[in-house]
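Let me begin by presenting the structure, written as structure tokens, before commenting on it.
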Amino acid sequence: MRMRRNRRLGIALVAATALILSACGSDDGDDGGEATETEPAAETEESMAPTDESMAPSEGGTSGGGEAVAAIQESGTLRVGIKYDQPLFGVNTPSGVVGFDAEIATAIAESLGVEPEFQEAVSANREPFLQEDQVDLVAATYTINEERDEVVDFAGPYYVAGQDIMVATGNPEGIEGIESLNTADLTTCTVEGSTSLENLNEMAPDADVLTFDTYSKCADAMRQGRAAAVTTDNVILIGLIDEAPDDFELIDNPFTEEPYGIGVQEGSDLRCYVNGVLQTMYDDGSWAEAYEATVGSAGVSTPEPPELNNEGC
Amino acid sequence: MADALVEMRGVNKWYGELHALKEINLDIAEREVVVVIGPSGSGKSTLIRTINRLESIQEGEILIDGERLPEEGKGLAKLRADVGMVFQSFNLFAHKTILENVTLGPVKVKKMGKSDAEEKARGLLERVGVAHQADKYPAELSGGQQQRVAIARALAMEPKVMLFDEPTSALDPEMINEVLQVMLDLAEGGTTMVVVTHEMGFARSAADRMVFMDEGEIVEENDPESFYKGAKTERARDFLSKIITH
Amino acid sequence: MLEFYTEYWPDYWDGTLVTLRLVVISFTLACIIGVIIAGFRVSPVPPLRSFASGYVALFRNMPLLVVFFLAFFGVGDLGFVFGPFPTAAVALGMYTGAYMAEVIRSGINSVSSGQAEAGRAIGLGFIPLLREIVIPQAVRTVIAPIGNLFIANFKNTAVALTISVFELTYISRKLINETARTWLSLLGAAIIYTVILLFAGWVFRTLEDRYAIKR
Amino acid sequence: MSSVLIEELGPRGKARVRVATIISILVGIVLLALVVWKLGTAGQLTWAKWEPFTVWANLEFLLGGLVNTIKAALAAMVFSIIIGFFFALGRLSRNAVVRGLCVAYVEFFRSIPLLLAIFMGFFGLLAAGLDVGAFTSLVVALVAYNSAVLSEIFRAGIKSLDKGQTEAAQAIGMRYWPMMRIVILPQAVRRMVPAIVAQLATLSKDVSLGFVIGYEEVVRRGQGFPGFSDAGNFQAYVVVGVVYFILVWMLARLARYLELRQRTSSIGTGAAAIDGAGLEDIAALSEEADAAEVEAAAARGEDPDRVVDSQTRARGAAEEQGTKLNEARKGDRDRRRGRD
């Protein structure tokens, strides 16, 4: 990755661009949005005393928990910030919010013995949501990165997304990875102003590129034979494939890593508690079940669950 | 009258419902000067414009020098070249110099050599008194000068007959005479002319015949003296009384 | 600031070339279409007149963006697939062509009927009349509006970025994303547009002066 | 045949026109059939692809986009008028600095693509720390752009007023501002109403460019709605095009109507002359107005639709005086001839 002086602002702008790409509900999960302008605020007013930080719940701690966990259990509901427009992860339907994120959040709520209550989170408001105690946790294709880690805490990661490539069914061009795209003979489509485009430009500088404002236009371009491949986060690609499983497939060879975490308030004991729940889900196979029921329904094989970051738990 | 230069036989014209020309029969002999008068809207302009088919007719026929006026195409263009026309609003070609205005017809229509055409044009401009303006553009000339150029332009085609459609009515009073003078000279020189005008002085001194029109028909024909002194019809007398009182 | 422009000049230059190519091709096309449609509109054949009016109305009342999307994705759905640049050039040419037709038509109509009558009266046929009287006079009245159309067409090339033509505005936007120097990136393009338009304006004014009718 | 080119046809000409008419109709039918056939074989005419546009919920969503389009166009119009007005006055100011600044502003925004202005309104403001959202960014950009255009309309409008008005006002001892307020502006504004409505039509078209910053106008809604996912691009853009067409067409129609009304009332004698005429003449007049409007639009420069190049306008105004006179004369003659 190029590190320019203004990288942060760049990311913010990319985020703004990404916001625009609402039509197919795309969000490349890399948006740092408002993160830069906030301070590690508010924690003193919150329920946790400084001592709580050291009082981590026990491993696998479904039984244990600090004040945050207790407060949730007392209130009877788990307030969850979630995407409403991210196919296969969080989609608001008449019968409630469905998707992989929703499954994970529901499992956490069940473990707590409370009801989940979903609120729409968009990329830009995820940190403020937590900081202002609007929600207890955020499960919204939320990429773990350093900037965010300064203002919120992450449980997980529970899924590793990454930039991948979508091709026509049967992969007629025999595209194996990003290297295959590095030729003027193949046209690759992505969204203008996205990090995906930057990655493509860096890793396959000779590629012939088409850019549009939405990924669904890229899908159309592929259908019309204008492009041989579409590249962006696999999460978005899987969404596209889900809409047209006969037309497209994923090469399933991601070349970047975007670990998704469950966002909680800075210093909250909920983080280690969630890690415990996730570990349980890994172990008893319910994580894989949830994956197959949602993301996997688009015909993507179930990966190994990523290793949890239990530092400080 | 079989050898008349212009013959109109049973000409009828309608504008939609409006019967603009009613059963016109008119012969104009060679070297004859005919002045057409009549109240506004009487059809005199329409009449003169049918002679070179700037207006079409629905019934009847018009012959020029014994030849039936073609309705379209090359034949019509050729015949028009033999009929000179001078408009009320001059209609000089705004993008061409005075000289070019006069040479355009001879060069493009009569395929005359350019230098011959220019020589001839200068002669004509001399004759109408605007020779020193030859290289200017129309907009730089006064109305009277423009109209004289327009006459020269028509003459350059050596037409068999000249049509004048109210040539002086768009002019300021002090310029009317310079144009009328040119027309008088033409008349004296033996040019066949059909003139729509209210200039009685010109009519008296130049016209061989007066034609009075009203409501699309020819009401009366006479020589100028008798016409002005004692028009036969009520309508003509009424019209004359209106234009003579002031 | 200067380093920014020296560093990214190659990007701007590429974008400028694309923009210029696009405007030259689309405007040439617009002129051809304009003449044909204007000819239809003044022709005595009723179906041709109706077709021309329909064409003009269609393109004048639709946003250029929709024209581009229809030409690219819509026509693509019918199985006619052309690259972004050719699509943009044709779509823009057809769009500007509608306006061009109106300019030409009004130019022809601005020639007073007296001029045409005078030409007929000295025996000019249809073609000579057109060549000697109508066209020379129409050209004079039409230069200024055509100049304006050119400017509009030039600015409208920016819309082509929506169908993946990497022209000047696209480049400035790309530089925003790459460098995060938002205002510098945008201003660079704005300056290039302004300079080219100043030049185009000068050309058209010169033409106009040369062909102006002396009064 | 409203053209100087075409003479009244003779019998041979009429026959040719008849033949040409038949041939062109046949060619038209063949072309149309080809298009329909192609659409059919490409599967674009199947009902399933059009059905989403008959579902009320979907249409409601799309019409919501139309409301957004109109909202942005109106907001931009109001602010453009206010700001454009001040820039017009600024350009007529006697202070060279004010004048210079106004000229620079107007010329800058008249020489960049609207799309670039929209990026400035969105990314530019964002970079300056103003996260104002798509609607505000779009309106800001449209206002920056259109106030420049409108200020030129205003300036031309003010300048085109008969100098006699100014002189008369000065003669009765009015000073600059009262004169502007009481005499010049009311007349100028009245005269500019049709141009403003025409500009509103153009603005509505331009709102579509808000698409690029995610503003939910008709195009974005038409292509992105899950309810339309059964429909193809072709259908979506055709429907979006139709929606825009109707909106812009109606506004253009209104502008033309206003202009026509103003003309007839301002010509006066001309209107009186029309009194006796039948419907055809009025149709002819509107045809003429149509042509004039187009001419104006063409002269108006900038975007084909985007109105008014100052010079052409000013010159147009000057010429209009001349042509009006000529037309009055010509009209007079024509009418006389007509009654002949």
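Should a chain be cited, it is by its letter among A, B, C and D, assigned in written order, with residues numbered from 1 in that chain.
In this section, a contact is a pair of C-beta atoms (placed from the backbone, for glycine too) under 8 Å apart; a residue touches a chain by one contact, two chains touch by 3 or more.
This is a predicted model, so every value here is computed, not measured.
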item	value
Least step count from subunit A to subunit B, where 1 means the two chains touch	2
Chain of greatest Cα-centre distance to subunit A	B
Distance between the centres, which are taken as Cα means, of subunit C and subunit A, whole angstrom	46
Approximate Å spacing (C-alpha centroids) for the pair subunit B, subunit C	46
Centre-to-centre distance between subunit D and subunit C (centres being mean Cα positions), rounded to whole Å	17
Shared-contact residues (touching 2 or more other chains) in subunit B	73, 89
Junction residues of subunit D - those touching two or more other chains	7, 9, 13, 123, 126-127, 211-212, 223, 233, 330
Overlap residues in subunit C, where contacts from two or more other chains coincide	73, 76-77, 112, 114-115, 120, 161-162, 173, 176, 180, 182
Chain contact graph, described as a line, ring, star, complete graph or other shape	other
Each pair of chains that touches, named by its two labels	A-C, A-D, B-C, B-D, C-D
Complex contact set, residues of subunit B against subunit D	15, 18, 20-21, 40-46, 49, 55-56, 70-73, 76, 88-89, 170, 216
Contact set on subunit B toward subunit C in their complex	52, 54, 73-74, 77-85, 87, 89, 91-95, 104-105, 108-109, 137, 139-140, 150, 153-154, 157
Touch list for subunit C against partner subunit D, complex	42-48, 51, 57-58, 60-67, 69-70, 73-79, 96, 98-99, 102-103, 105-106, 108-116, 120, 126, 130, 134, 144-145, 147-149, 151-152, 155-159, 161-162, 169, 172-173, 176, 180, 182-183, 186, 189-190, 193-194, 197-198
Interface residues, subunit D side, partner subunit C - complex	1-7, 9, 13, 17, 20-21, 24-25, 28, 38-39, 42, 44, 107-108, 111-116, 119-120, 123-124, 126-128, 205-206, 208-209, 211-212, 219, 223, 232-234, 237-238, 240-241, 244-245, 248-249, 252, 291, 294-295, 297-306, 309, 311-312, 315, 326, 330
Complex contacts: residues of subunit C adjacent to subunit A	73, 76-77, 81, 83-84, 161-164, 170, 173-174, 176-182
